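Below: one structure in structure tokens.
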Amino acid sequence: MPKNNDSKVLVRLEGVSKKYQSGSNEIVALSGLDLEAREGEFLSLLGPSGCGKSTALNIMGGLLKASEGIITIAGEEMTKPRRDIGMMFQQAVMFPWRTTIENVLLPIEVFGLNKKDYVAKAEELLEMVGMTEFAKSYPWQLSGGMQQRAALCRVLIHHPKLLLLDEPFGALDEFTRETMNQELLRLQSHSGSTAVLVTHNISEAVFMSDRIAVMSARPGRLIGVIDVPFERPRKPELYGRPEFTKLVVQAREMLGLA
Amino acid sequence: MSTAATSGAQATLLDPQKKRRKVSPYWITAALFPAILLVWFVVTQLEVLHPILLPGPEAVLTSIPRVLGSETFGIHASRTLIETLAGFALGAAVGFLLGLLLGSSSVLRAAYLPALSALEAVPTVIIAPLIIAWFGFGIEGKAVQAAIACFYAVFITTLSGLSLANANSVSLMQSLGASKLQTLLKLRVPSALPVIFGGLQLGATTAIIGAIVSEFVGADAGLGFLLLRYRSSYDTPAAWVLILCFLVIGVSAYLLISFAEKRIVFWRSTAVSRPDLEKNDH
Amino acid sequence: MTSTAADVRSRGKELRKQSKSTTQSVIVGTVTLVVFLALWEILPTLGVLNRVLIPTVSDTIWGLGQLIIGGYWWEDLASTLSSVLIAWTIGVAFGITMGVVLGTSPFVRTAITPYAIALQALPKIVLAPVLIGALGFGPESKIAIAVAICFFPVWINTMVGLSLPSAAEFTFMRSLNATRVQLFRKLQMPSAVPIVLVGMKHAMLLSFTGVLVAEILSSASNGLGKLVKEFSIQLNMPLTLAVITVVLTIAVSLVSIMDVLERKAVFWSESERGKKS
């Protein structure tokens, strides 16, 4: 059983639809999506390309307005981006004119908080991902993986309650990606935030999540939810276990890939 | 443009028989200078061109001390420099601020851009006589003309630069709930800087042109004024010395702005422009 | 030298296409125009501004009417316009030739780049007095000055344009065993067309500038530049503004024509396709 089965719901999407206007034709990206993420859990959004995963995530983050439906975060209706949410995108999005640590401290600046109070925290985070010696480097002096590590520190600097992660390591090679996923799990459990991860990768979703929300091809709606009952912290050995394979097969079937 | 190494590679690519070129193109660059002087000398010796149009290099060179050493040269030169600098500062500031204003409001952009972008077509020299009538022969009018001449390049590059911010970066700022002003200052302006420097580069040249043309129309001092005086006394070597002065001023402005750009937009010269260059090389 | 001066200036068109006018923007634009015209009319009338130096809108319109009815300036108009177009044609032909001769080989291009930068930084208008001194006040000197100024962006943009194809594209052409001429005609030339057109548009403005400066400078010739100068010396501001209006109208029309030609010629470019669908 997932550990947070009966805890409070942090994010709730009810009957959410999204239509895009592109030229004269209308694209229905989401239609009647119901979804919830519970406090402290790790939820994955799994679905074929173009099914509206990013759209759903951006709606949760307040970057996009839903055409229909209700979105609540901690019981409040979502209207605009909130400070207790941190988002990560497929590209690292580091500003090239800022050093690594300045990039990590960007949210603090934007929130109008005192940067001095957070420098120690930033250094601590950078140390946790093994980037201490690159704190004063510029992004273009870092590899893609290092940049994403810094982005991970940035998203955690202000203790967000909710992490919205849109294929954050999708641009990295397989090997780095696995390391980063481990890193992410470690930091997420350390901070106790809720995480919603968008991914195409089925075994990644099974490995990382407490629950997996499987979405249909466009227009995206929820097909079903898979509970992932494995203990934490998750170890790479998990990949070899028959229960793991069973869940992967179950997800493939739900996606119609079987 | 291309570097020697890759151009050599291209040459071998195109023609496998050919050996890689060992000569650096910059040897040619260096050799071209005396070659130009020589051609210049020969042309004037043969009197291919009217001597009033083109005196020989020796005549121009020997006139340099005379022109630069004359009592009033400093006055004229500083006058033109002040006009140009004041005009450039004014025009660039107005262009930048207006670019920011239109860049942050789509309503203002839609309302004013059609009229403002027509300025792309306008030869601003045509209002030089009007400006002189309004401001007189002094520094102000020249500075205003220079400002008008350089305004557009800075304005349009600022405005278009502001839209260059990477879409993911905009999402990031949005997800942090950044205000419009924060996004502008922390993201859009830095992203626009490389383009704005292109505008400043062009604007500097046009500001100099604005000041000179204004001096041509009516002035009591300045290098443009001096140039006209040398012309009317048919002292062409001296006029060519002044043209060389303008070359020096133009190149200095170019180098200064390039230097400032390297310093201010440091991330670009080291990172972003490199792949660009490589892509364009062949 | 990947972004050229001509490139820098021609960013307005793209931006204009992107910004859609809304009711709000139409209102803002109209209100601004009305307020501007009203102030222009009222302030000189009330004497807040000197009406002799800054005539009102109606004075200016009256001046424009007088100019058009007067008709004595058709010759000036014809002289300016023909000089601009002749100089532009020569400048474009010369610029493209220079660009092709010096720009096809990357080696030559690299070697001459410092000179190109120096020439670009030279305010070429300073050549005007010398050229007038040598060629006199006739149309030849006007055209010579305009050519000297306007060929430059065409030359630079041709050189840059020929270097635009990527290494991969060159390799691909070579894999087809293309000759140097084919490489030029089938890859380099088409890639250069858009940016050369931008240079030609900038050249139009520069040609106009050169002709006007020549006319303002030389006392004997005719032309719109001379007309503006004379009217302004006489402090006949309504007529000065009227001639300026004529010049602005011509300049904008010439560039608009160039825009249309550009759209026809560069039908394959990303933005043009976007607009059609």
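Things to note:
Per-chain numbering from 1; labels A, B and C assigned in written order.
Rule of thumb we're sticking to: a residue touches a chain if its C-beta (ideal position, glycine included) is under 8 Å from a C-beta of that chain, and two chains touch if they have at least 3 such contacts.
These figures come from a predicted structure and were not determined experimentally.
Top-ranked chain pair, ordered by C-beta pairs in contact, is B-C. Taking the mean of each chain's C-alpha atoms as its centre, the chain lying closest to the overall protein C-alpha centroid is B. Chain centres were defined as the mean of their Cα atoms; on that basis the chain farthest from chain B turns out to be A. Inter-chain centre distance (chain A to chain B, centres taken as mean C-alpha positions): 48 Å.
Separating the centre of chain A from that of chain C, both taken as means of CA atoms, is a distance of 52 Å.
Chain C has its Cα centroid 16 Å from the Cα centroid of chain B.
Those residues of chain B that touch chain C in the complex are listed here as 1-4, 6-8, 10-11, 13-14, 21, 25-26, 28-29, 32, 49-50, 52-54, 106-130, 132-134, 152-153, 156-157, 159-160, 163, 195, 198-199, 201-202, 205, 208-209, 212-213, 216-217, 224, 227-228, 231, 234, 236, 239-240, 242-243, 246-247, 249-251, 253-254, 276-282. Put simply, chain B touches chain A in their complex at residues 166, 168-169, 171-178, 182, 186-187, 190, 265-268, 270-272. Residues of chain A that touch chain B in their complex: 58, 61-63, 80-83, 85-87, 89-91, 93, 95-97, 106-107, 109-111, 138, 140, 164. Every residue of chain C that touches chain B in the complex is listed here, in rising order: 1-3, 5, 7-16, 18-22, 24-26, 28-29, 32, 53-54, 105-115, 117-118, 120-123, 125-135, 159-160, 163-167, 170-171, 174, 180, 183, 204-205, 208-209, 212-213, 216-217, 224-225, 228-229, 231-233, 235, 237, 240-241, 243-244, 247-248, 251-252, 254-256.
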